[in-house]
Amino acid sequence: MTNVELDGLRARLDEINGQLLELISERAQVVQEIGVVKEKQGVPKFDPEREKAMLEKLVASNKGPFTSGTIRSLFKQIFAASLDLQSDEHKKSLLVSRKTRKEDTVIVLPGDITIGGLSSVMVAGPCSVESELQTRTVAAALQKAGIKVMRGGAFKPRTSPYDFQGLGMDGLRILREAADEYGLLTISEIVDPAHLEPALDYVDIIQIGARNMQNFELLKAAGELNKPVLLKRGLAATMEEFLHAAEYIMSRGNTQVMLIERGIRTYEKWTRNTLDISAVPILKQESHLPVLVDVTHSTGRKDILIPCAKAALAAGADGIMVEVHPDPATALSDAAQQLNIEEFNTFFSEVKASGLFR
Amino acid sequence: MTNVELDGLRARLDEINGQLLELISERAQVVQEIGVVKEKQGVPKFDPEREKAMLEKLVASNKGPFTSGTIRSLFKQIFAASLDLQSDEHKKSLLVSRKTRKEDTVIVLPGDITIGGLSSVMVAGPCSVESELQTRTVAAALQKAGIKVMRGGAFKPRTSPYDFQGLGMDGLRILREAADEYGLLTISEIVDPAHLEPALDYVDIIQIGARNMQNFELLKAAGELNKPVLLKRGLAATMEEFLHAAEYIMSRGNTQVMLIERGIRTYEKWTRNTLDISAVPILKQESHLPVLVDVTHSTGRKDILIPCAKAALAAGADGIMVEVHPDPATALSDAAQQLNIEEFNTFFSEVKASGLFR
Amino acid sequence: MTNVELDGLRARLDEINGQLLELISERAQVVQEIGVVKEKQGVPKFDPEREKAMLEKLVASNKGPFTSGTIRSLFKQIFAASLDLQSDEHKKSLLVSRKTRKEDTVIVLPGDITIGGLSSVMVAGPCSVESELQTRTVAAALQKAGIKVMRGGAFKPRTSPYDFQGLGMDGLRILREAADEYGLLTISEIVDPAHLEPALDYVDIIQIGARNMQNFELLKAAGELNKPVLLKRGLAATMEEFLHAAEYIMSRGNTQVMLIERGIRTYEKWTRNTLDISAVPILKQESHLPVLVDVTHSTGRKDILIPCAKAALAAGADGIMVEVHPDPATALSDAAQQLNIEEFNTFFSEVKASGLFR
Amino acid sequence: MTNVELDGLRARLDEINGQLLELISERAQVVQEIGVVKEKQGVPKFDPEREKAMLEKLVASNKGPFTSGTIRSLFKQIFAASLDLQSDEHKKSLLVSRKTRKEDTVIVLPGDITIGGLSSVMVAGPCSVESELQTRTVAAALQKAGIKVMRGGAFKPRTSPYDFQGLGMDGLRILREAADEYGLLTISEIVDPAHLEPALDYVDIIQIGARNMQNFELLKAAGELNKPVLLKRGLAATMEEFLHAAEYIMSRGNTQVMLIERGIRTYEKWTRNTLDISAVPILKQESHLPVLVDVTHSTGRKDILIPCAKAALAAGADGIMVEVHPDPATALSDAAQQLNIEEFNTFFSEVKASGLFR
């Protein structure tokens, strides 16, 4: 007999489910109509006072068995879903999102060098531009190895104000000259909106560093440019925050944005940071932008750069960034973790030999 | 005219809200009735197959404007709320929860010493029991300072198998004898379910350490005893996991459980762990159990024990645990962070002088 | 006989220790003399090439029993200690350091309001300045409660570019007017170096936010001003990085700097961030600057603000910051965590009643 | 003239360096001789009292320019290095260390299945053994796909005592029967030392879970067995702690140990844990043990298992573990993250197609 009873109750449940579906759908339509009216009036769609009033009314008429808290929470979700119908269009239209643009963004650089899409890129160079000799030595080695894009820091954001802060505009000039001599493109970090404009002559890609990932004024200024931007993930930024930081750039009109994972801060002490490898496929899924991995900063250890670069490429990264210095022991920054030229050649050969570098 | 329009749409919205409330409430009642039938039949209340079928049906009849994903998500929440009505009773009946028991649990120890409630407790003693002399020296000092409960490790869970692992049952005996001589109660960590029974004669409070917070076999075994248990928060345990670990003990019948915050693992390097002070008021709110703070392990620094102990008490902690050793420099474990006796006396005086130690 | 043997060996050890001490001390003097010569020549004191050469030489003449690695490591430490003798002066002269300045820095604001030193300060106000009405309502309530400093965000660094970004200069004007009407001082976050100068008329304290803690261009620009600066700890900044960020400001001449702990990012989900209470005594020890605690952002939960504020004061904080809004439910940012005015009054009364607010 | 001066000072520095080297080396020899004497006497080599006395003596005779603190620190390091000479042998002889054993450990299982060395292994199966039908369904699918080792939990360590805790010994029996029917080997987690012995008939590899990584009693008991053990990294364990946990097993005689990275706890919310990919090459370098990666728990997301498995193999992992269930939606644990059989087949094909699975 209980099974008959159970069947009856279940039939009633199905009936209620159907009615709920109808009501919820009708509700959503009404909210959409209200949205249209409000848009005409130029009034914001979300009206917290009205929502609060509706919730109070519902709680007042609630006779159980749900508690007021549950009613509040369920209806908040129903309200939010209706509202999301409108902002969903908004979300669907996040410019960085794969939903907005299905195809991979491919950055086209001078000389038809591309980043993103089918081929991998290796970006290499010293942590800091220190001298013409040092920069030209690296540039020559990179050219010989077949590298197309050289990095080199001129404005160095350093923890201490008394540490070497980079050569500034002079450094950018040295980088440009060395790159031109050896047929390379340049990438360098800019930390002040005021330096973006003057830097345009010297750099082919503007880098925004980890510490500035949420320096929104800098992001907005970079968004006004017609120059590719490489955005580094913050020290402890979530992927969601990272994508929104990229959105700041894109929302101002600059569509040439690349993302680079550089390790996140955790409790582990045997690496400088923890390379968040899962971020690579997730960012590639959520966004159409190229995703690179900085193996130097994410690990802080020369001895595991080869397996980590392979892992990054196997996970779907579009490129790798690595630091190279003619004589790391005497480097003015990041001395311990830069490869010397011979080490770099071995590194690059092994990465290519894996077949993962396309 | 649009305001008339808006008012009409809003009235319709209110109507729908009311109908949704009625339906959701009725739905909950039907689910409760089904629960009663199932209970009689001895069948589990949650039937994932049935839930899946209902969701499929709803998605199939969904004509928009919500996507299938939103419908699925909204109804999952409605289903979950109904189900929670049953397990809410279940949750309401989490034994550690303040909802189950409004009044503070007060642990009554031999000699009518209490932990929890209106007075504060200071638990002190060496990291490890190393010798009779060392233990008696501390015990004498504690008695003189007016301390009632002495800690001392006999089974030491150490990172390396080659580090000093404690004196074992011998250590417990030494601890007991010193405590008896100076009129103190004892607390010591047990790491193996098999040692619980033999330890009962030597310890007044059983400590379960951070590394064993989710050693569920040990928790269950401790739950079978009639002896107070002090449970340490795991190295990277959430508060939710911490409370559920305590529930393992209580669910087996032992209601004499105390919680102790001992710092969580973060990236910060100037402290050994990060003392999660917010955990104190949250645990006190969520649970009726006494909450202590281990200032030694949470900071790993002697020089900030006084302000941290005051902060713990100001945040509502029922007690403090601190490590004291006659000669910390020669200690077999935790050498750097134990107070010597003179330092302990200063520490305890200053904590009392603050008026926060009740 | 072996004890005689042991005693002989130990005597030889003592002798060697003494000789090592003499040599190491002489070595340090020689390095200091070299430093003097180099300073005259205007040559940098640290010469990595020379250090490398010395290490190679030592390793080459090493006949054991130490491995080359150990020799390298020991001598690097000896070299570093000698070098530190010089930079120790440098370190001793970190401007934020307690070694440079023994007495607490006390910030003197208009109307002889002070922060730091013997009295506590309570900074309160809305997350964002939203309207004149909202701001004046809060200001009136704060005046009534005896508060002297009102916060209110005009430039809001928000994760998404599509979220409310604050009223900008208009917001600052509204804040100033409300503050003047009710006899309050103002504090507001500035995110762009270009806004610092225009903001001077409106704010009595410039706040630099957590996301900009290592926006060094902003720090340097704030360092050029003659206006107190409140620097927030970054989301995942170490205390060392935090102090160095403050040093960026002080190194430019602005000595009126305050630090504020606002929670760090951890895995725990029941709080928005983890309030790092140990940072309070450590920062007070290491530095002479006032240290405040932002209880709103560190916890993200209204229900534990009272115990957390008490804990902060018990740990030695010079003040508390808390968010207050006339109607939190309708706030344009941080809706869930702001206190309403009644809640704020209860909060402040209870904090004062504890006797910890001096 | 100053260059002559500089050259003279540098020559003196070189001389002192040489003398320091000689003295330090002689000191080390004396310490070694003392060690020999002490070993004969059965006295511990490290004598903290004696070290303290030597330090006091040095500080007392220190005439600068180093501070007492620096002298203390430098000599502590010299003392530690000498002591390490003895324990270095000890460290060199950490059984898990690559220094102790140069060649990769290869685990040989029944049927000459191997883990470690040249070929990769794929371990798959349900989170929990729930029924004979469920287990046999998976086993059949795994056999068809060419899998050799099936996982399946019988003792489930669950956060709440009221969650499904596994079928216990019954579960192990079901797992064994299904495995035998389809020619598979079995792996299952054991949580209680008392269950190890009875489990030996049912499992070919004993798994020790993340929550029990520092349950040293369980590790020691597993170390007494002649059965391969798969040790999971703890939720927030450092690599150093992980290797020492493995050492607990090996130090008891069981050399058949495998390590498995399963993600660490961080602030990131888009993945369940953060897969620490750098741990793979570091563990392979530091240790000779096989290293696997559990892609299911480290990510908690089905949609990125393929790139993460490829990344793990590219980084040098010896194998992958993944959860498969005939109907994940109805699973009694880990419902959201298990692959169904079709998804598993796609997953395994793609991983093999990458050429990274050897």
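Each chain carries a letter (A, B, C and D) given by its place in the written order, and its residues are counted from 1.
Heads up, the rule we're going with is that contacts are C-beta pairs under 8 Å (C-beta built on N, C-alpha and C of every residue); 3 or more make two chains touch, one makes a residue touch a chain.
Here is each chain with its UniProt name: A, B, C, D = Protein AroA(G).
The shown structure was predicted, so the numbers you read here are calculated from the model rather than taken from an experiment.
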| query | Which other chains touch chain B while also touching chain D? | reply | A, C
| said: Measuring between Cα centroids, which chain is at the maximum distance from chain A? | reply: B
| message | Roughly how far is chain B from chain C, centre to centre by C-alpha average, rounded to an integer in Å? | response | 31
| field | For chain A paired with chain C, centre-to-centre distance based on mean C-alpha positions, whole Å | value | 28
| Averaged-CA centre spacing for the pair chain D and chain C, given as whole angstrom | 37
| task | Send over the residues of chain D in touch with two or more other chains. | result | 236, 240, 265-267
| field | Interfacial residue positions of chain B with respect to chain A in the complex | value | 2, 5-6, 9-10, 12-14, 16-21, 23-34, 37-38, 40-41, 50, 54, 57-58, 61-66, 70-71, 73-75, 77-78, 81, 84-85, 236, 265-267
| Touch list for chain C against partner chain A, complex | 48-49, 52, 90, 157-162, 191-194, 211-212, 214-218, 220, 234-236, 240-241, 244, 247-248, 251, 265, 329-330, 335
| remark: Touching chain C in the complex, chain B uses residues 236, 238-240, 264, 266-271, 274-278, 280-282, 285, 298-299, 301, 303-304, 307-308, 310-316, 354-356
